[in-house]
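Labels A, B and C are assigned to the chains in the order they are written; within every chain, residues are numbered from 1.
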Amino acid sequence: MTAALEMAAIEGGYEPGLPILRGASLSVAPGEIVALLGPNGAGKSTLVKAAAGLVPVWSGRVMLGGRDITGLAAHRMVHEGLGFVPQTENVFANLSVLENLQLASALVARKRRLDLGRMFELFPDLDRQRKLEAGRLSGGQRQMLAVARALVASPSVLMLDEPSAGLSPKLVGVVFERLKAVRDTGVTILLVEQNVKAALAIADRAVVLVEGRERLEGPAAELVNDPRMAALYLGAAA
Amino acid sequence: MLQLVADGLVVGSVIALGAVGLTLTYSILRFANFGQGEFMTWGAYFAVSTLAFVLAVTGGGVMEPLGPFSFGWQLIVAMLLAAALTAILALVVDWLLFRRLRRGNAITLVIASFGAALALRNLVQFLYGTLPEYYSREIQIAIRLVPRDVMGGLRVTPDQMLVIGLTLVLMLALQWLLTRTTLGRAMRATAMNPALARVAGVDVEGVIRATWVIGAALAAIAGVFVGITLQIRPMLGFDLLLPLFAAAILGGIGSVRGAVVGGYIVGLAESLSVPLVGAEYRAATAFAVLIGILLLRPNGLFGARA
Amino acid sequence: MEILPVLNYLAFFMVFAGIFAVMALGLNLQWGFTGLFNVGVAGFVAVGAYASAILTGPPEPERFGGFGLPILVGWLGAMLLSGVAAFVVAVAALRLREDYLAITTFGIAVVIQLVATNAQGLTGGPFGIQSIPRPFVEALGTGFVWNLAYLGLVALVLGLAWWALERLVASPWGRVLRAIREDELAAASLGKRAAAFRLQSFVIGCMLMGLAGALYAHFVGYIAPEDFLPILTFQIWAMLIVGGSGNNAGAVLGAFLVWAIWSVSGNLIREVLPAAEQARGAALQVVLIGVMIAAILVLRPRGILGERATVSRHAGKD
């Protein structure tokens, strides 16, 4: 079966000569939630940004549902069906909640567009705040809007960069529950997380990245108690 | 007194139109474009050429005034053509120069725009000479709206009223574009956060092109307005650059509403300062406004972000 | 062909190039070493020229000034007054985003131009100030020898400015300046002191421009508003960009090179074009220089000499 998203031997970085990704590979099957884990500075964020077209890929391949999308401009990725939610500043603070969603929806082809009404059903909190400037939303609501904004373009794969950052444990639970619901509508999810416990709780599988390469991967349930996990995190810290 | 207010509103309209373009390019391309004034000059001169062209094509070569105005319908057509040509000019300058410098330091773009402005200004001088030009030699009779014994009285020409009216219509249209259309929302989104805009599917280079087109077209129309109400000179836009910057910063960079309000405030301040400092120093008023706003409220009247 | 007119012209050319080099050094301190964008060079030069002319000139019934003070006092006054103008601008704009300084310096140059043109009681208005004293003219006359003597004076000032700037840039003060420019983190950690460093650099640069203005005034003996149009600012920028900013040798080299290009192309226009077309030709000359600046920015952004590698450019990049 074709992977929903596959990255093969990716090398890349912001500045020539200073590689951050050193041959990273990973594969996400359709309908999966995969957690991308690893110590600080391992290149997790850089890898999803490279896939999204925000960081130059020097070599390697990014395949989306069997199509080669390596090196496409970031805005083209959306039309191909790859959604990305950045970690910070992930909503347009000067636009209203409704405008955030209208913009995202209007930019993709009509057949890709998801009905905004259905989006508000999925995120009832946002429904009540339609007219509010997104910059005035609470942290949790902002994260919901960021996810909703990406979903409006009905991506086949959604990548999220640390959606739990800055949220209270209770809110993390709420956001992650919502991500499961999103997966249940048929969207494949790749989740970059610092919060290992919460991520493994909802993920089907996990990949651990260290120094720009994948070092460990397996079913989430098995990795929870895997001593090699702790070793990789500690090894990087030492 | 009333007369000064009316004059200020006419000048303010021109400044507002130019400042709106300036604030748009400033917030979306992220640099202070010293070439914005030259788009006004080029717009005004393009209209001289397109007017001659339209008159030649429609036969006769003379312009029959339209109603109470000093010009005929041919100038309206010429103005639209000039706006289109100025937009193309802006796109060419962007393609040749600014596009290649976008990845570098923002201040390099400012230097580049400074150089481009000087080249553009002198190219106009080279092509059209330094003598003032006019679209029409018709003498217009000013309409007395307020008798002389009430606050000094008020006389306005139909041309001046049209300039103020058209400016307001254009500004409402722009406001509609920015808030109600996908392009407008994409422009505001890009101004706020270019990286997120790309992730959300916005073609940022396309937004930049649209911004040049809108900013240059509005500047060209403002230049034609100067030509209608005063005269066309190679220094037309350069002399307005300081008021343009003062208006854009007064209103808060990125705020279209702010640039319009700022434009009228600067226009009125210039006009009302004439009895105090003399006509020769009216340009210094814009500088005083600029220094004042920088010291007191550097984010401008409508600017929220630090 | 007589040799003396050629030598005389050469001395003339060198004096102007040297004066421009002093301005370019001032701009290099601001832009090259501190990253401050000054679009008002012509304004600060004008302040210096007028200040020295007013302080040292003979009394005129219609005009303020004409104090007949020694020329050296005039030069010091020129530096002082340009420094004050720079201080006012810097206080308003330096703490804000960097292009606000560009806009503010542009504005003050416009206002200075207005004052020069209109404040007849101070500046002589459009006719400017005449009979500005020339140093040693009693002893040397106004011929070639005097030109040569003034060239020596300009060379001395340029040398002093160069020496002082090199010392300054190599000092701890200069290293802090570059750290501020290169690394926002360093600038942020210095906080208010970073602003003070920027202010000092800006004021010193403008004082050099004022001094250059005074050098110009006492060489030509006559100044008028049209000597200080925005084109002057543009020429100095062209010199710095062509030579390579962040490098004093580059600034001086650029001054001589661009002034040579400018003079030659100007002479060519005067020779080739009929009198009626001269104005248009001059406009085209400016267009070509503008295109040159743009081309260098795009193709060779570090100029001919470029910056000496004194600080690592990749320090502290996450």
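Please note the rule applied: a contact is a pair of C-beta atoms (placed from the backbone, for glycine too) under 8 Å apart; a residue touches a chain by one contact, two chains touch by 3 or more.
Every value quoted in this text rests on a predicted model; they were computed, and no experiment measured them.
Centrality by Cα centroid goes to chain B.
Ranked by distance of CA centroids from chain A, the top chain is C. For the pair chain A and chain B, the distance between C-alpha centroids works out to 44 Å. With centres defined as mean CA coordinates, chain C is found 31 Å away from chain B.
In terms of their C-alpha centroids, the spacing between chain A and chain C amounts to 54 Å.
Those residues of chain C that touch chain B in the complex are listed here as 35, 37, 39, 92-93, 96, 98-100, 102-104, 106-108, 110-111, 114, 117-118, 230-231, 234, 237, 241, 279-280, 283-284, 286-287, 289-291, 293-294, 297-298, 301.
Taken together, the chain B residues at the contact with chain C in this complex read 31-32, 34, 96-97, 100-101, 104, 106-108, 110-112, 114-116, 118-120, 122-123, 125-126, 129-130, 238, 241-242, 245-246, 249, 278, 280-281, 283-284, 286-287, 290-291, 294-295, 298.
Chain B contributes residues 182, 185-186, 188-189, 191-193, 195-204 to its touches with chain A in the complex. Residues 52-54, 73-75, 77-79, 84, 86, 89-95, 99, 102-104, 106-108, 149-150, 153 of chain A are the ones that touch chain B when the two sit in their complex.
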